C-alpha cells in the first residue's frame, strides 16, 4: 500500500482549499498550482508549495495537462487530486497521471470515460438493471430515428440530449412532433460546438422532477457504500444553487432502494473512490438514472455534516488502497443540513456575473455553521473562472431549524465590492413550496420572478438611514480635511487601493 | 405556558452573540445592553434593539441591576438571559427579575444562592449522598478548628477555601502543620477583600486531579438529564484554556456513575435549566463534587457539537415551561470536540492582557470548525472586561483528528493588533501528555516553561522573509510617493484610523 | 441641517440636528432619534429609536447606495449646498443614459440578437456575453429602437463599455 | 541592493535583485528565489523556492516584526541609506531602555513588591497590576538595583507608562 505524502491539487478556489485542509490535518503536504492572475488567491496561501502554471485562460493553465504533470514531478508529489470542474472528469488526464506513476485521487480512467458518455453510461446502466429514463439505447443518426423513438416511447414531450453533454448544453425539450426536426438540428449543432461531438439521443421528458443524487464511496476491495442522498432540485439554468441532506420526500424504503441501485451502478462500472449517482425523481416516486459524476461534488459538505464524515479523507484512504474504515451499518446520520452557493452574480439583473474586488468580507459563524470559501477580503473575482465565491452550510436537528439557521447566517454574511446570490437564497428559503420540501427543478423558473419583488424595506426607514449616512460623511469629510489635511478624495484610499498601486509598481 | 417573545441579554461579547443567534433562529427578538465604550461592539449590531446602560466600569453598567430591569421594562422584554459572568450567578438579580414579572433564563434564585455558597452547597450535597472532597462540613471560625479538622482528615496537604469563593481567590494549599496559621489568616483576608465574606473552610487537598464536569439540563417537570462530560483540566491560574468532550479517561461506567451523581445533585437543589456539576477526578478514578455552576458555561459548545444539541434553545424551552424535548436514552453523542479559548494575552510575557484595536481579523473555517467570537475587525479590546476574544471549537470523528483539525484552524487564524493565546494552545496540543489525554490541572504549571521555547522558525528563513518585506516596503513607499503624491506616513492611514478620526470629530 | 432625498419617484426633505453625539432627524412630521457609528470599511451600525440596523453604505457623490438585510437600495441625498447647485444648474442625472446598454462585466460577445433600426421591447434579449464560463443574456432596459450597435461577435468587452444604443 | 540584518545576536547581510517581478536574495552563499505579494493590511504571501509562507509583517522604521505560524519574531533590517546613517550617527537602539519597567497595558497598580535600593533578580515579581478583572504580575526584565519607583498602589496607569527603574 502506497502512502500518500504529497498531493498536488489541480484546481483553484474553495475546493482546493477544502482538499488542502484535510491534507494538512492528515499530515499530507500539498502543492498548489495557479495561473498568473491567481498568485494572491487564498488557495496558494493555503498550500505548502506553489507553482505558477500559465496565463489566466484555463486552457493554458488549469487545463494544461503537461504543465501540471511537470509540476507534480518537480515537486515530488505522489498523488493528484483534481477537485471538481477543470480536469476532474477528463479520462485523458487521469490516464496521464497514472502513466506518470502517480496516484489519481478518483476512479480509474476507463470508468471516467464510460461515465462521460451519456449514451455509453446509459447502456451500461440498462444492462446492469439500473432504471433509466425511458428512451433510446443508442445515439440517433437522423431525425427519422428520433421520431420513431419518440413514437415508440408513447409520444411527447421528449428530450433530445447530447451524448457528451453537461451543463444543459446540447439539450432541447420537444413538446410537439412538428418541433422535432428543428430541435434535433439545434441540439446537434450546439453539441458539436460545445463538446466537439454532435452525437445526440432522445429520452422521455420527465415533467417537473426532483433532482436527487446518491453519494457513494468505494474502495479497491469491492466495498461500495451509499452515503445517503442529496436533494439538489433548486437549480437555475441547470446549475444547483441550494442543496440539502436528507431529502424531505424520500421514505426510508425509497432511500434504501435508491442506495442499492447506486451501489449497483457503481459496481457495474468498476467504480473506486467518491462518486455521485444522479437520479430524476418524479412526482409518483419513480426514480431514473440520470448520470454519474466521477468526482467530489460541490455539495459534498451537506453529506459530511449529516453523516459526520470527511469525504476527502475517505478519498485519500481509498486512493492509498485502504479498505473503507466503515460499513454501511456503521453510518450514523443525524439532523439536517443545507448548503447555499454564494455566487458572484447580480440576481436582480438576470444573474449576470459580478466581477471585481472584494473590499470587505466577514463570513457568518457560530453554532451549526460551516463556511467553505474560496475568497478573502481583497480577493479579485475574475471573469476567467466560475462565479462561485463560497459555500455556506448549516446543520440543525431538524430541517426547519437548519433553514432558520441558514437565514440567520445569510443575514450575517458581510461582503462588499461584488453582488452575490445571498438575496436569492434568502427569498427561496422562505417560500412555502421550499418549506414543504416538495419543490422540483422547476422551482426557480416558476417562482423567482414573483419572489424578486418581495421583502423590500420600509421607505421612511431607508430615507432616514440614507440621510444619516450622508450627514455623517459630510461631517467626517470636514473632519478629515480639518484634522489630517487630506484632499477630500484622499479619504477614500483604502488599503487595497494602496496595495493595487504598490503591486502595479512592483510588477513593472 | 408563557411564550418568550423578546429576550434581554444582560451581557456582552461572544456569549451575548451566541445567545442572540439562537434567539434569532427561534424567532425571538433580542435586546442588547451596552456600556458607553461598547457602542461599536458586535453584540450591539447582532441585536434587534439596543440600550446604553452606563459607563465602561461594569459596576455601573453590566452589573447595574436597576438599570437593566428598567431597560427590560422599556423594551417590553419578557425574559432575561444572563449569559455567564457579570450577574449570571447573582441570586439577588434573579430574584429582582422574577419580582419584575419577567422570566429569568436560569435556575430559581434560591438554587443560585445555595450553590453560591461553597459550604452550604457542600452540606446539601453531603446530605444528598453526593461524594464531596473529604473535609469540613461547616465553616471554620478559628485556626484551632482548622487544625483539628486537618488532623481528623488524616493529615496534610489540606486546602483552605473561601465559602464564597471562585476564580482561585481566598484559597491556600497547606502542606505542613506549621504553615496552617499563616495560610488560614491569608485566605480569610483575601476572601474578605474579594467577596466581602471572610468565611473559610478546609478540605483534603487532592494532588494533581483532573477537572471533569457534567453538563445537566432540567425542566420544570422533574426531568433532569446529564449531557455527558467535559474535561477542563488545561487551566492556568484556575482559568480554563482548553476543554474537550468526551474525556479520554472516563469509562462508560464512570460516565454513567458521574452522570447519575450530577442528576442527584441537581435534584437535591431543585435545579431547573442548564447547569454544570464540577468534579475533581483523582488518579485512582475517584470523583468528588467541587461546585455547581448555575448557568451556561463558556465551554458549552463542545457538548453541543458532540451531542448535536443547542443548549441555549433548551434553556429557552425550559424557561418557558416546556418539558425537555428529549430523554436520556435519546442522546446520540458522536465523535470528539475540543475548544480553545482565544484570549487577548501575551503568552510570552507572563500572559499579561493585550489591549488595543484589532486591525485585521480572519477566523478559521471549513469542515468541523466552529467559531464563537466576540470581536470583529476594528474591535477595541478594552481593559475593562474579560480578555476572552473568541472560542475556537473543532469536531472530528476521533480525538486525534479533532486535535489535528484544531492545529490547522489555529494556524489559519489571522488576528493583528493584539496578541493572543493561540501560540500557547498550539504548543499544548502537541505535548505528549496532552495527546495521551491523561493531563491534570497541573499541566500548565509543569510544562509551559519548557514548551515556550519550542518550535522556533529557521533563522535563515526569517531573515530572508524580513529582508524581502523591507525591500518590498521600501519600493512600495517610493511607489506611493511617486504615484499618489503621498507623504510617506500617509500611506499608513488605514480605514480604522480614519474612523477613529471621524468618530473623534463626531463625538465632539 | 436640511437634506433633500429622492428615492424612486418619492421626494422628501429631512432636518438633522446633532445633539449629544446622536442625530435628531425630522421627517414628515415624525422625529427619529438616530445613533450612527462607523464600523470601518463601508459598514455602519445605526440605532434608531433603540431599533438596531446594520448597513453597508457608499455615498457616491449624491447617491447613497445602501445594503440592508442583504437588499440593495439607492437614495439620492443632497445637502443644502448640493441642492442649490442643482437648482441653479439643473440635475445632471437628467441626462438620461438609460438607453445605452453597457457591459455589466468584462467578457466576450458571443451573439448579437438585434439589428440597427429594430424595435425592441423592455426585457427583450439583445445579446449574449460569455464570462465566468457562463453565457449571459443582456436584455433591453427600455422599449425603443436600436440606433447603434458598437460591438461584434467574438469581441472582448470591458465592464461598462457601451455596446448598444436604444432610443 | 544590499540590506543589513540583525536578529538576536546574529548579524547578516543580504543582496536583493528584482527580476521578472520576483526577488533573488543572496545570503551566506545561498540564493533564494522569492516571490512576495501583499494581501492587504499587514499580510504577505511569500513563495520562496516554491515553498509557501504567509506572514503578518510590520516594518516599524528599522525593525521588521514578523508573525509566522503564530510565532512572533523581530529582525532589524537596514537598507544602505539607513546603514550609512547608523554608521555615522550611532545606533539609537543602543540607548538601552530595558531597565525601565513600563506598564504592558492600562490598568490599576494593586501592590508593589520591591523598594528603592533593593537588589532584584531577572524574573523577580516587582508589582501587580489589575486589568481585565485579572491580577497581572509584572516581573523584572533584568537583574539589578531598583533606583526609582514612579507609581503608588491604587494608581491608574496607561500602557507604556514607566513604573519602576532598575539599573
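For reference, chains read A, B, C and D in written order, and residue numbers begin at 1 within each chain.
The rule we apply is simple: contacts are C-beta pairs under 8 Å (C-beta built on N, C-alpha and C of every residue); 3 or more make two chains touch, one makes a residue touch a chain.
Because the structure is predicted, anything quoted here is derived from the model rather than measured.
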Label of the chain whose CA centroid is most distant from the centroid of subunit A: D
Chain pair showing more contacts of the two, A-D and B-D: B-D
Subunit A-subunit D separation of Cα centroids, rounded to whole Å: 47
Computed distance of Cα centres, subunit C from subunit A, in Å: 32
In subunit D, residues with contacts to at least two other chains: 38, 41
Sequence positions of subunit A contacting 2 or more other chains: 376-377, 472, 475-476, 494-495, 502, 506
Residue ranges of subunit B in contact with subunit A within the complex: 17-18, 21-22, 24-27, 301, 304, 308-310, 332, 334-335, 362-363, 365-373, 376-377, 396-397, 401, 404-405, 407-408, 472, 475-476, 478-480, 482-484, 490-491, 493-495, 498, 501-502, 504-506
Of subunit B, residues touching subunit D in the complex: 344, 346, 348-356, 359-360, 383-387, 410-411, 413-414, 416, 419, 422-423, 426, 455-457, 459-476, 494
Subunit D contact footprint on subunit A (complex, rising order): 32, 39-40, 44-45, 47-51, 74-75, 376-378, 495-496, 499, 502-503, 506-507
Subunit C to subunit B touching residues, read off their complex: 21, 35, 37-41, 45, 47, 50-52, 54
Subunit A-touching residues of subunit C, taken from the complex the two chains share: 1, 3, 5, 7, 10, 12, 14, 16, 18, 23, 25, 27-28, 30, 32, 34, 36, 38, 41-44, 46, 48, 53, 55-57, 59, 64, 66-73, 75, 77, 79, 104-107, 129, 131-134, 136-139, 159
